[in-house]
Every structure is written in structure tokens, then in C-alpha cells.
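In the two complexes below, chain A is the common chain; its partner is chain B in one and chain C in the other.
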Partner chain A sequence: MGTLKFLIEKEFKQTLRNSIIPKLIVGYPIMVMLIFPWAINFEVKNIKVSVVDHNNSVYSQRLIQKVDASKYFIINNITSSYDEAMVDIEKTNADIILEIQPFFDKNIVKNKTADVMLSANSVDGTRGLLGNAYLSQILNDYSSELRSELAHTDMSPKHKMSAINIIPQYKFNENLDYKVFMIPALMVMMVTLICGILPALNIVSEKENGTIQQINVTPISKYQFILAKLIPYWIIGFIILSIAFVVVGLLYGIWPAGGFFPLYISSLVFIVGISGLGLIISNYSETLQQAMFLAFFFILIIILLSGLFTPIASMPKWAQIVAYSNPLSYFMEIMRMVYLKGSSYRGIANPLLFLTAFAVGFNTWAVLSYRKR
Partner chain B sequence: MKQFRAFVIKEFYHIFRDRRTMLILLGMPITQILIFGFAINMEVTDIAVAVLNPNPDTYTNQIIERVNANDYFHVDYTIHSQNEIDELFKQNKIDLAIVFPNNFNEDLVHSGKADLQLISDTSDPNTGTIIVNYASGIIADYQKEINNISGNPPYQIVATTRMLYNPEMKSSYSFVPGVMGLILMVISTMMTSISIVREKERGTMEVLLASPLRLSQILIAKTIPYLSLSFINLLTILYLASFLLGVPIRGSLFLIIIISTLYIFLSLLLGLLISTIAKKQVEAIIMAGIGLTMPVMLLSGMLFPIDNMPFLLEKLTHIIPARWYIVIMKKLMIEGLDFTFIIKELSILLGMTGLILALSMLNSKKRLE
Partner chain C sequence: MKNNIIVEVSELTKKFGNFTAVDNITFKVTEGEIFGFLGANGAGKTTAMQMLIGLSKQTSGEAFVAGYNIRTESEEIKKNIGYMSQKFSLYEDLKVWENIRLFAGIYGMKDKDIAEKTDDLLKRLDFEDERNTLVKSLPLGWKQKLAFSVAIFHNPKIVFLDEPTGGVDPATRRQFWEMIYKAAEDNITVFATTHYMDEAEYCDRVSIMVDGRIDALDTPSNLKAHFEAKDMDEVFRKLARKATRD
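The block that comes next holds the complex of A and B.
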């Protein structure tokens, strides 16, 4: 047991010798939680509209005003030339063109129907889709308004309509704030990068320095050796997450609805697992460069295929298989469940079990794959 | 000149000898394209529903049937109290709950109006609202059915829509430029910085400096193999994107390649800059790997649209070269625009290249004394 203590002390000293690491441990979570939550937003707003108005009537202007008043849209330009509006799109001054046909007003009053043309830049498909949907909504509202105004003068008989009134209720994250959904994702990403890459560099730097030979000739067992290497990273991961939890709570007022205890337990299991993975990579690499790229390669894949940014349910079958064999997917699920929904142990028991299996598996592999040569 | 060539060949040998890394470097773009092209998308499908139906009767049953018949929805739970709803959400077993009030059928028949509650899980706001939109659509169609309405109500403004550049709204169109920006930058920066710092650490840098080549020539010789590697990656990405994902290359291929090469060059110089700051390989890896990855992934516009970001953050993204590169690629590849539309972004990239070069040269003069 004494040997273990000395080994851990040695590891700490070695790790902290890299002056950048203490700065990383404290500075990185603060910086990440300070800056990125504002960026990671799939909401679609500030959509710039160029209006081509061939009609210039009270009716068309009213429509333009309605679009202007909407929180989703900003009117960039009102012109009478479609070509000019297209140039707006090409110069990225506009995202969508609303073209009001000539005789818009006459068509509404006399023919009870009128046309408009929406041309949306859909390079970003979601933005094009939602921009379209929001504009269509405004058109529908305007149509209803016109209907109640003008139908008084309409002579056709009214018939009785059955109306189903839908009352939507949004549960968890009622403010529809994307930050709340993505902040747990940021935490997972950050912990994965740091607790996955740093351990991967560890054994390999000893190999490169030659100090690994000295360890190999000592009677220290594989278990002690690996354990001593892992423990500092568990502590580092713990510190990083704690700083992140506090920053997020103080800055954004977001605290885990399910309390800190389930959060810490799952985080601990995850960190144990992911540092085990890092060590495995270290064991199989000869140079730092190899370890770095191997680690980076895997980490990039598991970050993307984990439900962090896009839902697992939307993935094709083959990707889902990867996602379900990925410890990040389970950790991500737990983090979101505890932070947003306040899920109790019953909710997280299943994913937590998987996480534990991964932790045990990876670390066993790390110990077994280390060879004293 | 012969000495320069010898150096370049030496650097190439360094890379070839490390088979594993080389495989990863060439394989990374392929896996990224596959993932981004096929696995990452925002569609909402597979919606699990719970129904609370106190008085099952014609109308309520028909509505439930309609919802279940839709490909995206499946009614998994029939519950009998509001309390069960919360627990089902918390265990991630449902995405939507449909709650009928007690007198739905009566109300609809006698007073022509009835309420219906849709409770959705909006942990992910977009998914939650899209689910409600889909369900509302199904119910609206049902409403038309029971009222025997077809066609449009009077005074309806009808919109014809055109999706420009990307009519099928494939997310891969906006992702591919992002993948290019990420992979080209990260690989070039990491490789260069690690390679140079490794020589410093091992002490072989002194040996190189003792050779008749100038420092600048040594450094350029170092970057050439990585330039070639990244160039191969660029061609791989373009090939896969175009033949596997069907992403169009509407603009000038020549321009695309030239500007990408400039971008690769910029990333290599960035690696050079990092190598002048880092004293150990580990530091270089942390700066280039951990330090660069998150900002480039999250702030470059490859995943999250820049239009959404608050003012200050949007200004911050201007520092990230990938951001400008991605804009240029989108305009060239997908919109098929010509040179005049990218002058602003191109000048910014050129400016950044010059700045990084100047900084590296300043720093390296100090360091190696």
C-alpha cells in the first residue's frame, strides 16, 4: 500500500511539471463554460428577408409590416426587382426572398386567394425549412385576419365547424432555452477531451523519455502501476467538472434538478472508464504522435456518435449500433436526465450500469495490455 | 537546393515510417465524411407516445389511431392518471403525452369545441416543438376530415416555396465544408507543431541548425510533407462528398483547390507558431489538440450557425480562420458563386496567414538563441 502512495505522489509531480496542466485544469472549464454555451444553439432566428413587392398596396404593406414585427425576421431590403433580391442572397445579406405578385390586393378581395413566392437559401437545410415554416405561419395569421375582416361582406352561408383546440405544454426547459440542453453536452465533451487525451499521453511519454525501463525493472505490480497512473486523472476530472458545475450555476443559474449526488457518481464512473481508454491507447503506442492521433481519432468519433449534438434516434441503424456501444451516449443521457428532468436513480440505473461495465472493461484491458518488456 | 531536397525527403521518411499514424491521418477524413454525411442529422422520427384517455369513444379513439398510423409516431403506453406521465418522461420512455379531458366526445358533438392537451419533452427545444407541430398537423387533418372540408378556406394566402441551392435540404451540404475546415486545420496544425517540438525535445534541432541550411528552410522543409498529406486529404474529402454524398461542386474546382491550399498553409503556419510557444510535446498537443478542437468545432459555423450567436460572440468567431474558410467553401461549392463574392473572406484569410507567419518568425528568432 505504501508503494501505491509513493507512485501516486510521483505521478502528481510528473504531471504538474508541465506548467500548462494546472492552467488547463482551472482555466479550461471556466473558459469553456463562459463562452461556448452562447454559441451552441440550433435555434433559428435573425432571418434576413428581402421583399420583392410588385404590388405596393395597403395589403402588401401590411404583410411586410407583419413580417417585420416578427421576432424571427429582420427586413433587409424592399425592392421591386427579383434579381436585386437574388444578389442579396448571394452576398449573404438575405436568407429568404418574399415575392408579392402584382394584383395581390385585387386577388384577395375579388378572388379570395392570392399568391406569394418564398425563395429560401437552404444551404443550411434547417434554417431554410424553419424560415419557410415561420413565414408560412405569418401568412396563415394574416389570412385569418383577412377572413374575419372581409367575411362580413361575404354572402356565402356559414356552416357549423367542429374545432379541436390543441393546448401544447412544454415540459422540462419550458423556456425553450437551448443552453439548458447543450450545457451538459459541453461538460461531457470537455471531460472526454481532457480525461481521454491526457492519460493517453502519459505512458507514452514515459516510453519516449526512457523512464519506463526503470519502472519495468522494479517489483511493482501491473495493477499498482496502472492504478497510480489513473488516480491523478480521476482527481483532475473531478476538479474540472466541479469548476464547471459551479460556473454554470453561478453564471446561468442552471443547477442540476436531480441534485449533485447522482451527477458525481455517474461522472466518477465515466471518468474512470474514459481514462482507462486513454491508457489503453497509451499502451499500444510507441510515440506521442501516435498516441495523440489514435486518441483524437477515437474521441472525435465517439463525441459525434453519442447523441451529444444530434439525437441517436435520427441516426441510421449502423450508426446507432456504434452509439449504443459508446460510453459517452450513456453518460450524456444521464447528465441531461439529472440536469433537466431531475430523474431519480430509477431513471439513470440502466445507463449507469452500462457505464460501470465500460469502466470495468476498459480498465481491465488497460492492465492486461501493459507489458513489462 | 540539393540539401533542401534531402531535408524534405527525410521528413517524408519520418512520416512513412510511422504507418499507424499515416493510416489514421488518411482515414480520418473518410470516417468524418461518413459520420457527417449519414449519421448526423436533425430529423425527428421515432416518437414514443403515451395516451391518457378517460372516456374512450369514437373521436378520441380515431385520433389515437391516426397518430399511431403515422410513421413517425408509435403509441406505447395507455395510462390512467396524470402522475404516470412525469415518471415516464423522467425515465426517457416517452417523448409526447396526449391527454384527453373527460368530456371530449360530448363537447365536440354538442358545443362544437373540445380541448386536447399535448405535452412534449422539450429538453431539446427544437425536437419538442417539432413533435408538437407534427402532432398538431395530424389532428388538424383529422379535423378537416370530420368537417368534410377539402381544399383551402376562403381568403387564404397561398405560398409557393423554392429551396435555393439545396432543394432536398440535405444537412450534408452544410456539413461538408465544415468537415473540410476542421480536418484540414487540426491535422496540419497538430502534425507540424508536434514534429517541430519533438526535434526540440530530443535535441536533434541543434543538429539540424548546425547544418548549412537556414532555419527558415528547415522549417519549410518540415511543412512540405504535411502539405502533401493534407492535400491528399482534401482530394479525398471532395471525392467522397461528391460521389458518396452527392454534394455538388458548382463553382470553380480550381478556385476551391487553390483556396484550400492556402488554408492548409495557414494551418501549417499556425502549427509553427504553436511550436515556438510550446516547450514540450505534451504542451504542443494540449494547445493544438484540446485547445483548438473545441473552438473550431463549436465556433466556426460547422455545426452551429453563426447567425444565432450574440453580438460579442459573433465578433469572437472572426478570429477563427476556419470560419472564413467554411463561408468561402459554401459559396463556391454549393452556391456556385464566382470570385467576386469571396474577396472579403479571402483577404481576411490572407491577412491571417501573414500575421501568423510574422508572429512565428518573431518568436522563433528569440527562442533558438
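The block that comes next holds the complex of A and C.
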């Protein structure tokens, strides 16, 4: 135990003397939480619409105004020729064409039904698809609006149809705010990078400098050496997370609904696990280059297959299997549950159990593969 | 006292696949001796030394260092030896006193003893002004002297030096060997590999490895007489000529 004190002291001196790491510890969480929640956003906004208005009536004008008033759409051009609208699409001035048929107003009044045509540029699939869906929503709104108006004007009971409204209700993140959804996941990503890669690079650089050989001829046990390497990064991980919690709270007013304690407990388990993965990487690399490449290889896989950007449920079966054998998936689940749903221990017990299993597994592997030659 | 055996090696062999790096070597080193372990590049010196300090396991044969078996008791050996390698291996981003404190602490010394002994050492080396200097900004010769001092700071029974004076100027090499003599006076056995044949003359006894075997082992004067050579350089060249390995 006495030896460990000297080793940890050494690691802290080296870390604090490093020209980048202390700045990184403070700057990284602030920057990530300040910038990424705005940038990593799957909401589609500012969809450009070219309207082909063959009708040019009060009803069609009203429709156009309604589209224009929506925050999702920008009316790019109003024309009477479909070909002209197609040119807009080709020049990427427009994402969607809304074509209003010639007898739109008459059909609405007489037949209570009218046709419009939507054509979406699907080169950017998400934009096309979501734009289409949003626009259909507006059309639905408009049609029910018209129905009730018309029903009022001719008062006959047969026209009094009740407009069916579908009001989707989203729980726990009522406004479907992507920021709220992404922030817990970004925290996970940050801790993964700091606590997974940094200790691995640290150990490998000792190999490259030859100092590890000096350590290997001393009576230090491999547990002491590894612990002394990891403890500083565990502490750094906690500092970074705490800074992120505060930044997010002050900046976005988002505080963990389930309280801080379950967050810290599961972070501890996760950090121990992910630094174990870093150790495994360092044990199999002789040079910094190898370690970097191995680390990026794994980090890319575990981040992309964790449900950070895309829901695990919509992945193909094989990718789901990878995602479920990925500690990040579980930690992200916990973070989102605690942050958004306010889950307490009972809610996170299962993923926490998986995380613990990963931590034990990775670290056992790390200790076994570290050879004090 | 002088006749206690500190290193006893018998029929030690190390193979890497078909290649026999160390071929059945047998020798003894007595306590307080300065033992020169010579050989051309690739003769197997470093491999042999790494087995003795527990960094690599032998293929066959037995060896005892400070009374402990290198096969089964390497952790005990590590408590009783010092080691300094050709690759400079103190922490460059730690200060002089911090390096001393770290390695002393690793060998289980107490804070108070470390502080006292550090003062003594820095005074003796005339290093007091450099106490708070980062090791990376020291000149190489000073680094090597510091590394040696750190290697014997915990009073090991034997210190292994792997080409300690590589790349160091002659004046500093002389000072370095004075430090080695001083350590030997304090009854620390010195086991050193070197390329410099003038340094071989400073040793009590010298072994010369050729192709993984020990081809000669005696005092420098006996070796010169035996090979009818005027200096160790000539002895070495006569032996090395027999080498078949590249």
C-alpha cells in the first residue's frame, strides 16, 4: 500500500505537468456540452419548398401561408409551372414540391375533398422523408380546419363531421428536444474517450520510453502498477462528468431527474470497466501508433453501436447483438433513464448489473494480459 | 565476506525458436566484485542479463542471484537488486528529487529516510542546485550519474548495469567509474556490460561472450597474459574473430 502512494503521486505530478491534459480536463466537458447539443441534432428544419399553384385562389393562398408559417419550411418559389419547380429541385434550391391542382378551391367547397401532390427530393433521405411527413401533417390540419369552417357555414347536420385529431404524446421528453436526448449520451462518449484512451496511451508511452522496464525490475506488483495508472484517470473522469453536469444544468436547465447519486454510482462502474478496456489495448500494443489505431478501432465501433445516434431497436439483428455486448449501450441507457425519466436504482438495476459484469471481465482480462517480463 | 557468492549461474540457456541466444553459460560472481560482462553486439549479453534480473525466463539451466532462484523467486530477486539500462530510464518529466523519491519509495523506504538520504546524495554529487530541475533538461552524462545513484539508492546487494556509459564523454565516464568503485567499496556488487575496452581494465574480473557462449573469464591481467595481448582491446578482437554470428 505504501508503494502505491508513491506511484500515484508520480502519476499526478506527470499528469498535471503535461501541457495539454489539465486544460483538457476543464475545457473538454465545457466545450462538448456547449457545442454538441446544438450541432448533433436530427430535427429537420428549413426545408425548402417550391409551390406549384395551378389554382391561385384564396384557399390555395391560405395553404401556402400555413406552410410558410411553419418553422420547418421555407417557401422558396411560387410558380405555376411544374417544370420550373423541378429546376429548383435540380439546383437544390428546393427539397419538396407542393403542387396544388387547378380546381382546388372548387373541389373543396363542392366535394369536400381536393388533391395536392407532394414530390420530395430523396437524395437526402431523412430530409425528404421527414419533410414529407411534416407537410402532410400541415395538410391534414388545414383540411380539418376547412371542414369545420364549411360545416359552420352551411350548418346542415350531415356536414357536421368531427375532425379526428391524432395528438401524439411523447413522454419524458415532451418537446421531443434532441438536446435533452443527446446530452446524457454525449457525457458517456466523453468519459469513454478520456478514461478509455488516455490510460492506454500513458502505459504504452512508458513502454516506448523504456521506463516500464525500469519499473519491471523493481518489486512493484502488476496490480499496484495498474492501479496507480488507473486511479488518476478515474478521478479525472469524475471531475469531467461533474463539470458537464453543472454546465448542462446552468446552460440548459437540465438536471438529472433521478438525482446525482445513481449517476455517480453507475459512472464509477462504467469508468472502471472502460479503463480496463484501455488497459487491454495497451497490453497488446508495443508502440503509441498501434495503441492509437487499436483504440480508435474499438472506440468507433462501441460508440456507433451503442444507440448514441441510432436506436438499437432499428439496427439489423447482428448489429443488435454487438450493441448488447457493448458496455456503452448500458451506460447510455442508464444515463438517459436517470436524466430524463428520473429512474432510480430499481429502474437501472439491470443495465447496472451488465456494466458490473463488463467491468469485472475487462479488468480480469487486463490483469491477465499484463506481463511483467 | 569477500568470498560470498552473489551470482551463481550454471548451464543457463535461452533459445528463441531455433536461435540459441545464450548457450549453456556457467559462472560465479562474488560479493563486492566489479564484474565486466563483455561481448560483441548480439553475443547474448543483454539476454543473459535479462534472465538474471527476472525480465525473461530461461529455456534451461539454473541461476541464483542474491541466493534466490531466478526461475521461481524473481520477485524476491527484484527486492535485492538495482538496475540501470543502456536506454536512459528515469522519468524525464519528473524533477531530480522526485525521481529519487519515486524509486526509493518503490523499494519501501520511508518518507523521512528518503528526504535525508536525498540531501546526502545531492550534496555528494554536487547536484544541490539541480534538485528542482526536470530530468529532461539535464545533460546526458549527469542523467547517467543520477540514474546510477538512483539504482543503488536503496542499497541493493548487486547492481546490474547494461552499457551504462554509452554515448558519454571520457571525462564523465571516468567520474562514472569512480562512482562504481565507491559502490563496490560499500559492498555492492557491480555487474556491468560495456563496449569500452578501457573500462574492462577497471573490472576485477571480465567474461567475454562470443556467440552466446562465455569464451573467456578471468582477471584482465590474466587474460592479457593468456592471449599474449598488450591490452583488453586486443584480447577482445582475438576472441571476437572466432564469432560466426553476424
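Following the convention adopted for this analysis, the second predicted complex is superposed on the first by the 335 of 373 C-alpha atoms of A that agree within 3 Å, B and C clash if a C-alpha of one lies under 4 Å from a C-alpha of the other, contacts with A are read in each partner's own complex, and residues count from 1 in each chain.
Throughout what follows, contacts are C-beta pairs under 8 Å (C-beta built on N, C-alpha and C of every residue); 3 or more make two chains touch, one makes a residue touch a chain.
Keep in mind that what you see is a predicted model, and the values were worked out from it rather than measured.
> Once chain A of both complexes is superposed, is A:Arg336 in touch with chain B (first), chain C (second), both, or neither?
First partner only, chain B.
> Of chain B and chain C, which one touches more residues of chain A?
Between chain B and chain C, B touches the greater number of residues in chain A.
> One more residue to check, A:Ile20. First (chain B), second (chain C), both or neither?
First partner only, chain B.
> Please work out whether A:Val247 is in contact with chain B alone, chain C alone, both, or neither, and reply first, second, both or neither.
neither
> Scan A:Ile220 for contacts with chain B and chain C and give back first, second, both or neither.
The answer is second: A:Ile220 touches chain C but not chain B.
> For A:Gly210 in the superposed arrangement: first (chain B), second (chain C), both or neither?
Only chain C; A:Gly210 stays clear of chain B.
> Looking at the overlay, does A:Lys5 come into contact with chain B only (first), chain C only (second), both, or neither?
Only chain C is touched by A:Lys5; chain B is not.
> Name the contact category of A:Gly347: first (chain B only), second (chain C only), both, or neither.
First partner only.
> For chain A, which residues belong to both interfaces, chain B and chain C?
18
> Spell out the residues on chain C that touch chain A in their complex, using ranges where they run on.
Those residues of chain C that touch chain A are 53-56, 75, 78-79, 81, 83, 85, 87-94, 98, 101-103, 105-108.
> In the complex formed with chain B, which residues of chain A make contact?
Contacts found on chain A: 18-21, 24, 28, 32, 35-36, 38-47, 63, 89-92, 95, 108, 112-129, 132-133, 135-136, 139-140, 142-143, 146-147, 150-151, 154, 156, 160-174, 176-178, 180-181, 189-190, 193-194, 197-198, 201, 205, 208, 285, 287-290, 292-294, 296-297, 300-301, 304-305, 309-311, 313-316, 319, 333, 336-337, 340-344, 346-347.
> Note which residues of chain A are touching chain C in the complex, please.
Counting only chain A, the residues touching chain C are 2-3, 5-7, 9-10, 13-14, 17-18, 209-211, 213-221, 373.
> Once bound in the complex, which stretches of chain B touch chain A?
Residues 18, 20-21, 24-25, 27-28, 31-32, 35-36, 38-46, 89-92, 108, 112-129, 132-133, 136, 139, 142-143, 146-147, 149, 152-171, 173-174, 186, 190-191, 194-195, 198, 280-283, 285-287, 289-290, 293-294, 298-299, 303-305, 307-310, 313, 316-317, 327, 330-331, 334-335, 337, 341.
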